[in-house]
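Each chain gets a letter, A, B, C and D, in the order it is written, and its residues are counted from 1.
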Amino acid sequence: MTADPSVTPSTLTLDNVRGWITSFHTLVTEQKAYLTELDSAIGDADHGTNLSRGMDAVATTLDGAAPAGIGELLKGVGMTLVSTVGGASGPLYGTFFLRFAASAGDAGTLDGEAVGTALTAGLAGVVARGKASVGDKTMVDALTPAVTAWGDAIDNGATLTDAATAARDAARLGSDSTMPLVARKGRASYLGERSAGHLDPGSVSTTLLFTALAQALP
Amino acid sequence: MTADPSVTPSTLTLDNVRGWITSFHTLVTEQKAYLTELDSAIGDADHGTNLSRGMDAVATTLDGAAPAGIGELLKGVGMTLVSTVGGASGPLYGTFFLRFAASAGDAGTLDGEAVGTALTAGLAGVVARGKASVGDKTMVDALTPAVTAWGDAIDNGATLTDAATAARDAARLGSDSTMPLVARKGRASYLGERSAGHLDPGSVSTTLLFTALAQALP
Amino acid sequence: MKKLINAADTVVADALLGIDAAHPALRVDHEHRIIYRADTARPNKVGLVSGGGSGHEPLHGGFVGFGMLDAACAGEMFTSPTPDQMFEATTTVDRGAGVLHIIKNYTGDVMNFEMAAEMAEADTGILVESVVTHDDVAVQDSLYTAGRRGVGVTVFVEKIAGAAAEQGRDLRSVAALARRVSDSGRSMGVALTSGTVPAVGKPTFDLPDDQMELGVGIHGEPGRERVPLAGAAQIADRLLEPILADLDFTRSGTIVMLNGLGGSPLIELYVMYAEVKKILDRAGVDVARSLVGNYITSLDMAGCSVTLLAADDELITLWDAPVETPGLRWGR
Amino acid sequence: MKKLINAADTVVADALLGIDAAHPALRVDHEHRIIYRADTARPNKVGLVSGGGSGHEPLHGGFVGFGMLDAACAGEMFTSPTPDQMFEATTTVDRGAGVLHIIKNYTGDVMNFEMAAEMAEADTGILVESVVTHDDVAVQDSLYTAGRRGVGVTVFVEKIAGAAAEQGRDLRSVAALARRVSDSGRSMGVALTSGTVPAVGKPTFDLPDDQMELGVGIHGEPGRERVPLAGAAQIADRLLEPILADLDFTRSGTIVMLNGLGGSPLIELYVMYAEVKKILDRAGVDVARSLVGNYITSLDMAGCSVTLLAADDELITLWDAPVETPGLRWGR
């Protein structure tokens, strides 16, 4: 991370994006066992293993790569996730980054609005792929409010840092809201009523994604 | 059992033989778990199950049967054991009774010497079938001294009752002597040195056989 | 955890080495973790590609060969393979007649195969059709959920669609047939113990010594209910009751599979099959063909599942057609 | 104890019902507990009869059929069948050319088969020859002991002698061939856990979580030594070392069987086979044919065994000959 922490950024730079991915990798590594534990309650006990396998591969790919723009960088992230994670989260996180990348194009920096547009594109990709709505007890329950919170903050003139913090908090609230829900999508849905009373693992990893973004925009 | 206990018998009658088999059945049933436990230490944990399955079948067969002589009765016992026990002990106990029966022929009673001849024939059958010698840690280690003790007692003018007691005691001593031995025949031989320190299960059931004979000749 | 493995994270790669070494009729692409037929199918044969998480052997790799699959993609343990694997397999087996993807209904599998199909059609123009199996009656079916899990009927789909492809039918016809098979099968399983995923190192779920999990999934997903351990006859009853309630199996012949989940010995599977057969006889179900053994497993889970397929003469003829794979072989 | 059974004392009878129901090509005599081919072998074919304690499925009943056994006698769990069973089977399958008894070397099996042969020859004049397999290198061989246990090579003997009988060879020639196969095979097994005999209700032996039993027998007989649990590569090494030290396998082709003991899933058997193959390659052993799966099991014991057969062209040709049984099938 070469971003100068003393300056409040007004755009998301290539370095910020690299920092975002690096922080996400660190957080996923730290929380790997926890994510898997959550998945063992209502899934198949592999969400942490899956995502950390993918982010390890992303780190290896990024190491030494010199992408020209944000789009190129995040396309690499998305493709790596798609080809190494498997399971449900692979195509979903992969699609999120691929759509984000396509929206970012070859820009070297993105302003708050452009980031909002890219996040929205990522969310749309996840929904198109997984066909989940808010309330189905999936990562969409964290992703949707986070993307909305970012947009609202930017519309209200917030800094990128504040927008990221708001998105992170919204993701966490959204994730917490999955606790009482009965799952309607993904593996947890096989449990019916018995899926209630547990956090959705994918919504927790999505919170990590926005925690990482906030860390990269100090 | 219709033998009159107040009379010291000088011959083994058909009723005595029936009593012998009945007592053996009772003893095997009582000691079933113990025999299997002995077999689980150095065999495959089925000697009690095998023998009690066989003696149950013998009891069913004998029930209501009216064999004309000792030979006919014990031939039935031997054939039933052969066709219901399986494993090593089935052919061995089966052969023992079949040879005893052949020696007894259609006699209705046997004197001490004739019993000795029949026991010797039974032992010879076991040895011919299993090719074990004394010291190989098998039922032969109990059977051989028991048969010898019977013969010696009769030669010395003992009553059948005393001969049976002597045979029983000799069987028990022979069985005890298997404890330190390394098995050279049967399943226990696979253990090599590790078979030492355990009683041979078949020698213990053979002691029951002579205990039953002593009980039938009170 | 006691397993015949080198390390938790090399199990899939190591097993693929073993499959490669054991079966000269198969060819393994270790980089992409794809099991292929070693021979080349003839031009214009529709290609059949399946795949899924590992840990269900012989499914799917054991069903690659003449008369069944052309390729199977192996995912991580209990984790769907990735789209690049299915893309690679699809482009490799296409002989000009297009490729059928056979997918068990799990969100991950469906999405990964979907991306692969999009890639294949966009990048290469290869026609791809897919069939998603969804036969597990333990799961409530509804438009608002992920639907039923795909389990045992997948074996029937792979065999019967494989026979049709071998006969030279075109992609649409093979896909339609595969969907018909998929729709005509129902399954239900029971676990006596949980399997252990090597990377996790302990059983996926705890099951008391006196209980069993009725309606368990092949990844150890909890089932319909946890009930007291029962005898084979009662277990057979509780497996068949929801199957027979869900579909009428008295109107045609039925192909039955009594499948072991990996940790139960064959003698127990035969005991179970005897009970299943008694119930089917009483229910007027005519068993035309049967399979007893381990076909779609869940690592070392003790337990079994039953799959019934309502099979008309066409399906039975295709079932009887020659097949030569490690897992199913007859007629050659 | 968690098992798919009705009651401990009905397992064998119930499983025979299941085998009967599952395999129309077999016929089961439930009174004598004998599994026969449903079709009649042609006149003058030498009959092949085997049998042994139950709990080792698919051995022996799963190897009854064209090109292999004519009959298999099922004993109680882990207990030799009785002479009257073998007598019945022998008289039933004799087609005028005599009968070969295939016996695993256990005192009980040998004696029971011996009595059956005496009965058959005395009562009916049927010629009986026998082969006693004794391939388990875990056991020290000597004239003064019961000798080595018969294990995996029995599958090879049944297949190869079965093919020879199907070709019309006479009894002496089939028996000589069977003995040659038996003498050319070596096996060694390892247990990670003990199986549980239903009537006993608890595991036959206790094995700590960090140990394995090297050289275990298929009835749970203790092995050569109890050693710390190791990885697949080291296990393969410790199984093959005594086998390769006992017989030279570099002078002809070799048929290899990597056999599961009942409780280990197929994926682990493939992992083991990969390691076995590496060692054989290094040792200059040319693997002509291979089998990976559950062929001679020990109820639900986790673990595996390796069997190597030194096989010249004649044996390999007979191995490749058509066979149609529940456990092995090819060429038909």
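We adopt the following convention: a contact is a pair of C-beta atoms (placed from the backbone, for glycine too) under 8 Å apart; a residue touches a chain by one contact, two chains touch by 3 or more.
Keep in mind that this is a model prediction, so the values were computed, not measured.
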Shared interface partners, meaning chains that touch subunit A and subunit B: none
Apart from subunit C, which chains still form joined groups through touching: A | B, D
Far-end chain from subunit B, centres as C-alpha averages: A
Rounded Å distance, subunit A centre to subunit D centre (Cα mean): 56
Centre-to-centre distance between subunit D and subunit C (centres being mean Cα positions), rounded to whole Å: 29
Between subunit C and subunit A, distance of the C-alpha-averaged centres to the nearest whole Å: 33
Subunit B: positions in contact with at least two other chains: none
Contacts with 2+ other chains: residues of subunit C: none
Overall pattern in which the protein chains touch one another (line/ring/star/complete/other): line
Contact pairs between chains, per stated definition: A-C, B-D, C-D
Sites on subunit C touched by subunit A in the complex: 53, 75-84, 106-108, 111-112, 114-115, 138-140, 144-146, 149, 197, 199-200, 204, 217, 219-222
Subunit A residues touching subunit C - in the complex, by the definition given at the top: 36, 40, 43-46, 49-50, 53, 82-92, 94-95, 129-130, 184-187, 189-192, 194
Subunit D-touching residues of subunit C, taken from the complex the two chains share: 2-7, 11, 14-22, 54-55, 57-58, 62, 192-193, 195, 209, 212, 229, 231-233, 235, 258, 262-275, 277, 287, 290-292, 294, 297, 299-300, 302-304, 324, 329-332
